[in-house]
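Next, two complexes with chain A in common: one pairs it with chain B, the other with chain C.
What follows is the complex of A and B.
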């Protein structure tokens, strides 16, 4: 087999087909009608302006998380701690809002400060994982996983302890902020906030430009592909790793801030909504290429939102979206693996 | 057991690592397998012990053809190999490591194994506690454990790959005594080494490989001169070198002590002068790489100091990047692993090494730079070629092209290893150009001709010992070969005392 563009695309299409087949099988086993399910997912994602705006609401934090992860993947790091970084972003944002909500300041100013605080929270948590790796020799996957649990525990403690609702603490989170402290919502939509959409789009463009066009991005790539050689070429390696952790932390913190200021308007126990892990899947699916991140993240967001309808209409669990997303990632990566093996075989025999 | 190899051939790509090798080792023999690095010793032993399958050829044990596909097959046939770095399990207990290779039922019989371990230990006068952990043992004890394990599994042929590296003298004596005892009991032993003195002290026969071919077998008593000649080839006439006048001090290494993983170096003194070429000779793993990397700040000495320039700026303890700023460049031998970045293009490499200013990459400027360097260094590749798509010779040219100007000192590991003649000449031409402009070069090579041809002075490394700088004009292949094999070192000390 030759390494051509055509067969690369064929393998991708094959992966999507296999993912659909497996999902269809799962649906049939569950006794559901697969095609009805797909139809309702589609309708649930693009059927009306309201659901489309819901897709965009879900797209923003997912794209932010993916953008950050692209930076850490470029430098060769598996920043699995992004979930905790999103949570810390949300906690810092809530903290800033709680401090300032009765100050009488301009609400826009409070929102800006709260978002900046969220970025700071995410960055600090990411730098902690980075410091553990650089100075403590703790693999970023283990460090990140540990910090995720700490972040969740901290979040729960705040919700049920110091920041609990007046009266009785509740799983539904802290007391919602005053409407004046919500991110401004677009006219004609119930939830879409244009400001966060702009942030996410500017973010992914900035990441793309940095990785593809700047010296800094090239150095990240060099360190990611071969830290030993990069060091011999004069590139400070651990400093670049720390920088990429910090950048990913900024994006994760932003995602957390968006969840608090634009989606839930309060701190809830599962504030990260799994966007960190989903972002990891998107980044893997696009082969760590920033140019494809936005559309694929949009597709994932659409699947998530579209499948919300399933329990109501077909009495199916909405986690079907997760099955489809998971099998898709597995088959695409499997396809890449098989392809590489076939290419190697051709090389040897030729 | 009699071991016979018939026409063993093994190729890796274009390289013929073993080329039609045939020889027979009678039972009760300790056979030395000699040869320089890359001669094909390890490949041959790995074929015999089932790690590789030969492309063609047969293995016969006691006259019968056997098929050995895996190391497990080999041990079933009675062939056990002791690897240079013991293949054991440091986190396990000695007794668990011991019984791991045994084919057995669901539950291991520790009690019986422990008893047999102690009996075997006692036979060879080893004292290893079966309940201790493998990582608390010395390298010598780990070898002993491996030998016991292989014997217990029924080995009747024992292959040892460079077993005397990294063990103490008493341990070496014990090892030799053990091996002699085993041979007397009918065991066949293949002893791979580059240390002539070890082979002379232990072996009853010696077989020499060179460039994948069997050169010959010698019975006792060994003629050292002939062995060296078999290992390294015939003397090549040397072209006379123009005597260089001493330039200024570039690097002053004062009494450097180094601690490697398996090797210690004590008290190396070396002054490198501008425009000079210094060759570091020795078998791989004798300490050259450790010393060279310390000269660039890539590893840190435990004693002594490094000073750069005639101003004697103390650089001890500084990182490579500090050395680099002062005009030192390091070129590792593993080009794709340690020097170049697979997946990135030539242009991207030039951008990285130039340390360009600004935020966004100036693509046009970068490509022009790449084009001019590619032309200047005659690299067969395009600016957008990835480095792994280049041939070895062109990768090495790219490495040279990546070096900045001006440089005071270039440190190179194996500058022409694996390259064809044309590339070799080209690379040295470029390096010599740098010398003419006052850059000093220190290089490692296992090719004696290369050392003698290009060096002004030579340091020989042997098991962590280092000669004082020797004038290349006072050396020839034989003398250098003997020094590399650990011979004549006493003479050297006497010479130094007289000087």
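What follows is the complex of A and C.
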């Protein structure tokens, strides 16, 4: 087998088909009608302006998380700790808003400061994972997982403790911020905030441009391909790893800030909404290529939002979206593995 | 020219006035057909709070012709990450719902946002108090009704059943999160228990232990709340032989059944759902439950025939028969009670029906400060917004 663009695409299509077949089988085994399920997911994602705007609301933090992860993946790092970085971003944003909400300052200024604070929070938490890796020899996967738990614990402690509502500790989170401190919502929508859309789109373009079009991006790639060779060629390896952690942290923090200022308008226990893990899946699915991240993240967001129709109309569990997303990633990676093996065989035999 | 600008000014004022009137008016009558949307915080079949609400809507479907139900359950950010409750409400509107019921106090922020964003949709926020003119959080919204049952009475009954049953004099209360509602319900259970302990059993109130342990939410969320199974076990392992559950799921009963099967006789009292006692035959003393059907029927009918008016209702039991499905908003379904305990429960219900009031002074807050002076009766507001547990109860009054 030859390494051509055509067979690469064929393998990807095959993976998607396999994923669909498996999900269809799962649905059939559960006694559901698979095609009705697909239809309602689609309608639930594109059937009206309301649901489309919901998809976009979900797309923004997912795309931000994915954008950050593309940078860490470029240097060969698995930044599992992104969930915690999103959480810390949300915590720092909430902190800034709590400090400033009664200051009488212009709400736009408060929002800008809060978002910057979120970026700082995400960055610091990511640098902690990076420092553990670089100076402590802790694999970033384990370090990140540990830091995720710490971030969750910190978040819950704040919600149920120092930042609780007067007299009440509630899973529904801290007291919502005044409407004047909500990210401005687009006319005709209940929750779509144009400012965050712009942030996400600029973000992914910046990541694409940095990785594909700058010397710094080239160096990140070199470290990712072969850290030892990169080091020998004079690229300071650990500094680039730390830089990639910091950049990913900025994006994760932004995602957290968006969750607080534009989606929930308060801090809630599961403020990251799992976008970090979902972002990992998107990044893996697109083969770590920034050019494909936006549409695939949009597809994942659509699946998430559309699947809400399943319990309402078909009385099915909405976790089906997760099954489809998971199998997609599995089969695409499996497809890549099989393809690489076949290519090796061809090389050896020729 | 001046006339034209005057006319323009008048027109503008009229337009603003009309739009203002529209913004504050109730939604138009739904007519003979109404699709009802129900948003539940837990699973629709949780044998607890959510199922009681779900069954209440089944009652509506049976009693009010022309109604249809669409629902979404597990509406909480842990089970449905990335979604908001108002967004879920809108999904139901997309399925034709003209009345949406947000059936948990935990949905308050989102239900208010939804009601404000959708003035054309009728909204019921169950267990909220925003439409209570005399309440602390009054926020008039023409499209919203608050519904709640006076569960305080049935928690008192549960307290009586617990006090009449305990051999160790130690009653545990498995609490959800700490708020006004949960403080007043735990305190009601304590008042009932103390009343039976002192008046029926003629025992020293100082020898009654009543301890509240909060798990942090209405049901278990692994990694976030305390594990209710663990909390129930802690009670049973430290000499408490009756656990009154204040949470929406039935762990206390399951654990009581387990301990009893192992030879250690203990009991539990579940909550919310009339059939919740079925899970712990032999260990469940009974269940204080909500019967949402009648209140929901009234609200639904008013949305259909145009008599809807925003208000708050706190519905009591039908003292003629607290288990009447058509008239009683709350009830107590008796389970495995001794003959004496069963008689005491009946006697107590009879006394309540005749006007017995346990929210009468002298009563102190947990920290010893005076809540009600001698013979002073608590107002509805004092009960609804109870700021602390009562003196004599162990456990946290406010979250720290």
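In the analysis below, the second predicted complex is superposed on the first by the 350 of 350 C-alpha atoms of A that agree within 3 Å, B and C clash if a C-alpha of one lies under 4 Å from a C-alpha of the other, contacts with A are read in each partner's own complex, and residues count from 1 in each chain.
Following the convention adopted for this analysis, a contact is a pair of C-beta atoms (placed from the backbone, for glycine too) under 8 Å apart; a residue touches a chain by one contact, two chains touch by 3 or more.
What you see is a predicted model, and the numbers here were worked out from it, not measured in a lab.
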When chain B and chain C are modelled together on chain A, clash or fit: fit
Partner chain in contact with A:44 - chain B first, chain C second, else both or neither: second
Which superposed partner A:69 touches (first chain B, second chain C, both, neither): neither
First, second, both or neither for A:273, with chain B first and chain C second: second
Chain A: partner with more touched residues, chain B or chain C: C
Shortest CA-CA distance between chain B and chain C [superposed frame, angstrom]: 34
Footprint of chain C on chain A - complex, ascending: 44, 47-48, 50-51, 54, 58, 152, 156, 160-161, 164, 167-172, 176, 190-191, 263-266, 268-270, 273-275, 304-305, 308-309, 311-313, 318
In the complex, chain C residues that touch chain A: 70-74, 76-78, 80-84, 86-88, 90-92, 94-95, 106-109, 117, 177-180, 216-218, 221, 223-225, 387, 398-400
List of chain B residues in touch with chain A within their complex: 320-321, 324, 330, 332, 337-344, 348-349, 351-353, 355-356, 358-361, 402
Contact footprint of chain B on chain A as seen in their complex: 209, 213-216, 218-219, 221-222, 225-226, 228-236
